[in-house]
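Look for chain A in each of the two complexes below; its partner is chain B in the first and chain C in the second.
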Partner chain A sequence: MMTRRVLKWAGLVGLAGIAGALGHHFGGNAHIRRKLGQPPLANATCFNCHFVSTRRLPWAQPRPHHDSPAGLAVTPDGKRILIALDDRNEVAEADTTSRQVLRRAKASGTPYGLAMDPAGKRLYVACKSADRVLVLDAMTLEEVGSVTVGMGPVAVAFCQTSAGDRLVVANSMSDDISIVGVSPLKELSRLSAGREPFAVAATANGTRAFVANRLVGLASVKSLPESELTVVDPVAARVVKRESLTSAHLSEGVNLVAGRSWALTPIVKVRNQVPITQVANGWVMSSGFAVLDLASDEIVQLPLDEANDYFSDPSMVVSDPQGLRAFVASGGSDVITVVALDRVASWLQCATPSAKADAIYDLTLSSEYVTKRVPTGRNPRHLALSPDGGRLFVAERLDDSILVVDTTSLIPLGRIVLGDGGLEDPIRRGERVFTSSAYTFQHQFSCRSCHPDGHVDGLSYDFDGDGIGDNLLDNRSLQGVAGTGPFKWNGKNPSLEIQCGPRFAKVLMRTEPFPDQQLHDLTTFIKSLPPPRAVRRADGNLSPAEERGRTIFFATRTADGKEIPVSSRCVTCHAPPLYTVRLPFNVGTKGSYDTTEAFDTPHLLGVADTAPYLHDGRAQTLEEIWTLYSTNDSHGVTSYMNKIQLNDLVEFLKTL
Partner chain B sequence: MHNVRPCRGPGVLARLELPEFPSPRPSPAGRGSSRAQSSKPLVATVSQTIGRQSSLSLCERTGVRGTWRPRFRSAGALLSLGGSLIALLSSTYAATLPKDLPFPLVERFESFGIKDGFPTHKVHCVLPASDGKLWVGTWKGLMVREEGKFRKIGVEDGLSHQMIVCLVEDTRTGDLWIGTMRGLNRYSAGRITVFTQTSCGLPNNVIYGLEILGDTLWVATAAGLGAMDLKTGTWSIYDHNNTVMHEPWVYSVTGAKDRLFVGVWGGGILEYELSKAIFKEHRDPDRDFHFDLVPDDGPVSDVTSWVAWADGILWQGTYFGLARYDGSRWRTWQEKKSPLLSNFVNCIYARGRVAWVGTDRGLSVTDGATWVNYRSNENGEGLIEIARPGQPMETRKIKTRLPDDFVLGISVDDHEAWFATSDGLGHGFFPPSAKTVTAAAAKNSTEKDKP
Partner chain C sequence: MMRSRQALRSGVRPTASVCLLLLLGGCSDPLPPGALVIAQSPRLSASQTAMDALDIRYPRGSRVVIANTPQEAKDIRVLSLGLVAAGEPVVSYDGRRVVFTGKVAPGADWQIYEARLNGGRVRRLTSVPGGAMGPALLADGSLLFISPVPKPDPTASPARASALFAQPLGGPPRQLTFSSASIFDPTVLSDGRILFVSTQPSGASNGETGRALYTINNDGTEILAFTGQHDEPRSIQRPRQLDDGRIVFLAADAPATQASTAEFVLSSRPFRSRAALLPNSRARIRSVQLAGNGHLLLCAAPEATVGDSRGAFAVFLLHSATGDLGEPLMADPEWDSNEAVPASASRRPMGRLSNLDFSRTTGQLLCLDVNDTSYVSRDNQNPPRATRVRLFTQKPVGAQSALGEVEVQADGSFMAEVPADIPIGFDALDERGQVLRHQSCSIWVRPGENRSCLGCHEPHNHSPRNFRPLAVRVPVPKLIGEPTKLAQTVR
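== the complex of A and B ==
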């Protein structure tokens, strides 16, 4: 009796389950088809469109903050060093002899780059998220003024010019350079830079300033990438020269060599148009530095790497007051490379033009002038020298410390300890994995080499072995990527753990996979990255044009009242709050070498800062998605729009 | 520039018939618009004469260009004597340059063209930059003069199109903005960046005019007016959808401190008040674009080819005459009824209270009262005509002349003037002591100009 009853109920539950599953399958799929206007091209669940909230995403959660050192400035007497702590919104002051932190001062707005006047009275702080340069009294560290500059200032240089004191500010997000008069404190001019200006150096007499730009300029993905070294006249507040760095990018530092008419900037030499298999068979990217001879206007790119060992992510360079040695921080290899500049000069003097042109490809050449590799803590990024050149200060960003190196013996003297390194924090541990090249074949690159700060490098890479540069794929930002899986342009990796897992290691990094714990930490770090900062008005409201664009984005009918098919509405595929339903769609962009018509739908958070666009990076601007590459309304119905409406739509997208 | 503008109306048709004048150019008697003009204006002339009898100069009352012509015609016996006199004057021209004019005379011209490395004889625009370079937009690329030598920058260097239509410099940054027949270009420290209607918010690739006011670059295009915020890169478009603009062809744009004047081909002039973001329309009240039926009632015609502003004065060039607006009052001029060389105004350069007016028949310079014309005679010899208020027109031969009478672009400063013509670039020299007219210096002449 009991058995029969159990069987009866079990049967009923089973039937109900089957009915539910069938109902879900047919009813759910019908619902999805109705909502998408077409059958889904991949498995879809309720969670593609429902129960999505950005507030629950990892990047929206509170996270630990660390004492990560960024910009450094040493006082003229060499007794104190000022350290920007961007993650803390503070500036720290330390004694260079005792290596003790003396005090900390609040500096809101993500203080990143520092500069000090020659008298040591004023400290200028580039505040990245506040779009301003803060002026602190260098003795009291109290704020005495501030000036609004372009978006995302990350570096500032002070120069005394014939027309008065000037600041030259690199605005990384608005791709421009602010020329600021110091007295009175006022922005004099805003000059267009390359893409993502990231470092500044000025001559002592203020006649020239040099701005290193991190990303290559927007151009056809099949053309050679080219970044820019912008030469500025701070007096006239004008750009006087735009030097090209061919097939090179990620310049995060620039330095003027005393006694020589040279500007040095570290570079990553990249060959993105050869199949990624070259990691093992040669190289896809290598590290080096460019020497700009100001007298002859000649640029020579020289390698920092060795034939079978690479020193990835060169970020900053300084040179001693005698102009004899340069020090280059390799953030991915935890090394300071010491370069003998007189040997560089000798080589340049003897080298033929063709030898100079090919120098960067000869990885044995570095033995001519690299005299020492000084090991450091994790992720050395910013550097500073004492005024006499006797001590080198290295910001070990992921160790929360400043390494002090005797430049004569090249022996570390000790550390200025800012924090505990934060190893309890999986995000911090993950960032260490992310920025380290230890996991790549011959240490050629780190995750950061393609995703600086987790973002884009603006390049498209040939990931397939189908030829040379035939099938490029746009490099997508990792910022704001949490919750937007599946990943890859073909949507085949359901999670970041798989995306960054064994296959990735074999295919791309050509090494063993990340150990489980490190893989977990790595993905935790990536998920913690918030989306790129959007262009928003100060009051947080949309402008009239942006508001009109929002209406267009959510429109169900064209301007003349005709209904837009569900499958062709913006919001169908790019549904808020992530502005993606995380399903692949065919938007008519299949290239001649693509094996699929449908591509993963990218999220649109911070989309204004992620150019180029589409799966192969063919669209250099948001406008081009529709003006050039949406034939027959294949990427949403947009042909009804006039130019004003398209501009409005783009303006709205920039606010996401 | 103009021979490729959209074909709309007789003025443009006439242009298309004259793509490249030989130099010296024959008399334009065969030009379509001239034929139309010559067959009609008597009634208008009579009516305007009656209405403005007291205020018109002798020149205007006679309804022909310059009092000297009818007098010489009526005294035909003096014609041959006049020719001899002109020849005599030309030999002593420099010594007898009048010095009582309210603006400088060009005492000498020099020409640049294919012999100097220009890729074509057709020059559309000229701009002396603040760093001493001279930029010249031609039919086949951009020329820059550095240290006395011209160098070409073309499509092979990254320009979006070979035909350069207009230029403007952002004097704060030194960036040069280049309008072409296919896209906008920024030339900054040797690097060219292209902006097109497909890559950004630019309304249209055909660009007729450029102006920079504050942080905004204003772009006159064949499909409305574009405005790019130079700091944010944000574009705004003003056209028939959101303004009172009646036609899409924006041919010219000029800044006037707190406002902007927009010349619309077929739509008169739009005045845009920047602080209030309000457009106001100036249309020809008589609505006849061929004839100025009621002079001085507003813009001379709705077919605006150029607007220029300086010192509180707006000048309107049209294919049917010239107009001036001082903020409250309009004045209009047409050929034959004034010393204006031709109704067909290609361009205007306003400096102080003086307008340098480039036409298809030469150059007219005026402060509204005094006129000086530079043109060629049938023999290709340079002529200078001076018309003072109430006095007969004085004509002299000059040894040098404009490269061509078809003047497409002008730039003037205290010492020199540059002229883009259909047969090369002209360079005009002022006497060393000459100064162009400022507001204060022009006060007297303006007083004379009052009705």
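== the complex of A and C ==
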């Protein structure tokens, strides 16, 4: 009896399966064609459009938090160090001698960058997700004030000027610099920076502040990329100069050298214009630092790497009070590089103009001035020196600790332990893989070298998988990428495991693939990255322009009533909630060296922050997609729009 | 089958017996710390006619042994049982087996053999015409070797140059190098590249060839000069990488010299750091090997024995920082120690996934600026500029045949698609067709390889500028027809 019942149900299930398969084959495909307005260019299933929910995606789930140290500030007496713990929304205070954590204080809004006034009374905290600078009493760590600044502040510098005390704040997401008066606490001005300002240093007399920008400015992908070192007058609250760092980017630190008229900033020297036929000899990128001589206004880029070993992801630089040595943190290589500045000066004095111009390309030159490589824990990022320069504090971000190094002997004295390293958490383990260059040939770069914080570097690269040709591919953000597979612009990698595994090993690492466990951790980390933060009004509602843009995005008819073909409606390919149906489409962007005309449809979450656009990065802005490139309605019907309507559409896209 | 029947007769099932054997093998006594694998040659061997270069280095009776307590010269076990001569031991990264060169009979070819360190029979790994030598191991366990074994007269032009081969576990050997020069002494660097010695094309008027160090990837791609291209003395042998990244090698005035001085270069600036490993010693050295913890194993004859052309080569343990030979770790009056290797596990080098496409028979070359050369100062405002590049190969061996010429773009870049796996040379030509710079057939491309370079004899260890070479914007010239005889050129 039981057997008959089982057989009966099995038969019914089987019949239902066959019916479903036939239905999908004959009816489903027709449904897909009807909904897309064209035959799909890749295998499509119900799950491309249905059963999609951002709430179920890994980045929407709760995740463990860690004691990752970010910005550091040492008190003027050198006895205490303040540590920003952005993932905990806390600021920690530790004794620099006993290396014990004394206390922790709440500082909501992702505290990241720190600065202290010379008297050691006030601590200024740049809170990245709250778009404000907190003012804490440096003794009690209690909040005594706050000021709203631009979007995503990550660094702050205090300077005493002739017009009073000022704060200079780098707002990484709104690409501007806030000049803040300290008393009263008020934003005085907001200055346009380069792209993603990330570090600030100010002269002692407050006449100048220098802001390092992490990404290159928007320009044609076929022109040389340039990032900016923005020079600011904090008194007049204006930009006085925009120094250009050619083919260099990812500057996350800036330092003014005592006794020399130098500003130092670490750089990644990028070669995105050269076809990636090899990685040996720094063919893709190398690491270095730029010396800006304020007296002569000359910038010289110098290498940190060696001929057969590389020190990737230089993130922060500090120099001692005597101006003799600089310390550069290499976040990908877990090393502090010690640079003898007098040797740098000697070399610069003797070098011809052409030698200076070629210096960054000579992978043996660092032997002239690099005197020591001090190993650290995982992912050294922020640095601070004691006021006398005797101790170097290194934020080992992914070890939850601060390494204390004696700068005379260059021997580690011990660690300030903030947390347990979080190795039970696969996301944390994955971030350690993501930020490590141990897996790439000669430790040349990490995943982070092209995807800072999992995001874009704003560049397009020429991979040689399809031969050597004038064939650039835009580097896409990994933020919010979970659930948006397949991957690659041609949509040929079905999963992140394949994308980050063998493909990455062959094309970029030029080594063997990540071991299975590390690969699993890595993809877990990537999937945990939420989309970039979008620009939205405080009340969550759309502005009138954004609302009009939303109507255009979902429109089925043009403004004059003509029906928009299904295949040309925005929402057909960019369907919510991910704003992609994860299928390739031909949007008329095939270049002469492209091997396909159909490209993967990117998701649009946080799209405002992912420039440049289109598969080869040819569009610098969202507007350019339609005003310069897809002018024949090949990428949605836009030819009916006037300037205001297109602006409205773009305003809506920026809210996604 | 016989063993299975015996096992069945004795009441033990075959699978169980296999398991038992494996278990016994796995449970054999571990090697004591400090055990060494040593290649030894008898000090008083009967004279013999050397058929090839290895016969000189490893005369009849040479053997590979394991010394569990190196201080006791007699406490050894022979690993190369059944072979008339053996040498060049390399211990696997897991520390369980050793591969070495050996021959089964005086007239036989040298081949590569394998033995387990904890006992067992010798197993032959290669069977290649002309013999095999210079074993090394890739990260995945693939065997590297050189073939053919060169003849003893270093000045004699070989019938074919010695090349490097890789043989995966259980697979056939595949040739990795395709230069017209002979390749020797491969070793695997920690970054996964293969470092080897190559004879340099003759540039001297007396026809002498020097030796220098080059690297390739584990699939034969990206040949690059490493060091020694312009150095004296002219012979370099047995390169090895040390813990601190230095590359140590033996240097001698002539390639046939068996004993040499040890020198090193820094990997951070290999072309400008060459120095003596033992600056205050006149010892003759036959090998230097990493021993871990900053120590080196040297097979050397101290200064006192200079004059004895045959030897008293002993094993010394040297701290790389002190540079003092001190007392030998193992010395045997009857045997010369040629090489000594720790009989223990060592750090596995980085592996690499190959991008080669064996469905193709060509590869592509991209030169960013043929006028970028260290022979012309960068401050020279008006250097002679190349406008065309002639590519040639050696076909037949020893004769140059032109593959064709390609136009140099305004920025100095050029590209060409060329046949894979043949030696390729270049002539940079000015507008009158005169040769400005010549590079002999010392590079090659593998099937599907995209090979690029900065310039023509460009400065070493430089990375490229960031720019879009004009050559990538025009169709790639295909030089894949039959090579034609190269007319005499004016240089």
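One rule holds for everything that comes next: the second predicted complex is superposed on the first by the 628 of 656 C-alpha atoms of A that agree within 3 Å, B and C clash if a C-alpha of one lies under 4 Å from a C-alpha of the other, contacts with A are read in each partner's own complex, and residues count from 1 in each chain.
Throughout what follows, contacts are C-beta pairs under 8 Å (C-beta built on N, C-alpha and C of every residue); 3 or more make two chains touch, one makes a residue touch a chain.
What you are looking at is a predicted structure, and each value in this text was computed from that prediction instead of being measured.
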Clash or fit, chain B versus chain C on superposed chain A = fit
Ask   = Looking at the overlay, does A:515 come into contact with chain B only (first), chain C only (second), both, or neither?
value = neither
Query = Taking C-alpha centres, what angle do chain B and chain C open up at chain A, rounded to the nearest 10 degrees?
reply = 130
Query = Taking the superposition as given, does A:375 touch the first partner, chain B, the second, chain C, both, or neither?
reply = neither
Inquiry  = Once chain A of both complexes is superposed, is A:621 in touch with chain B (first), chain C (second), both, or neither?
reply    = first
Task = Scan A:190 for contacts with chain B and chain C and give back first, second, both or neither.
result = first
Inquiry  = With both complexes superposed on chain A, which partner does A:259 reach: first (chain B), second (chain C), both or neither?
reply    = neither
Request  = Would you mind checking which one, chain B or chain C, touches more residues on chain A?
outcome  = C
Key: Contacts of A:535 with chain B and chain C, given as first, second, both or neither   = first
Ask   = Looking at the overlay, does A:354 come into contact with chain B only (first), chain C only (second), both, or neither?
value = second
Note = Shortest distance over all C-alpha pairs of chain B and chain C after overlay on A, integer Å, is 20
Query = If you look only at chain C, which of its residues touch chain A in the complex?
reply = 139, 191-192, 217, 222, 224, 245, 266-273, 350-355, 364, 366, 368, 378-379, 415, 450-452, 454, 459, 461-469, 472-473, 476
Note = Note: in the complex, chain B contacts chain A through residues 131, 172-175, 186, 188-191, 193, 197-201, 203-204, 223-224, 230-232, 234-237, 239, 241-242
Request  = Using the touch rule from the top, collect the residues of chain A that touch chain B in their complex.
outcome  = 150, 174, 176, 189-192, 228, 230-231, 236-242, 535, 545, 620-621, 623-624, 627-628, 642-644, 646-647, 650-651
Ask   = Which of the residues in chain A come into contact with chain C in the complex?
value = 222, 224-225, 246-247, 269-275, 277-278, 280-283, 286, 306-309, 352, 354, 358, 360-364, 366-367, 441-442, 462, 464, 467-470, 502, 505-507, 510-513
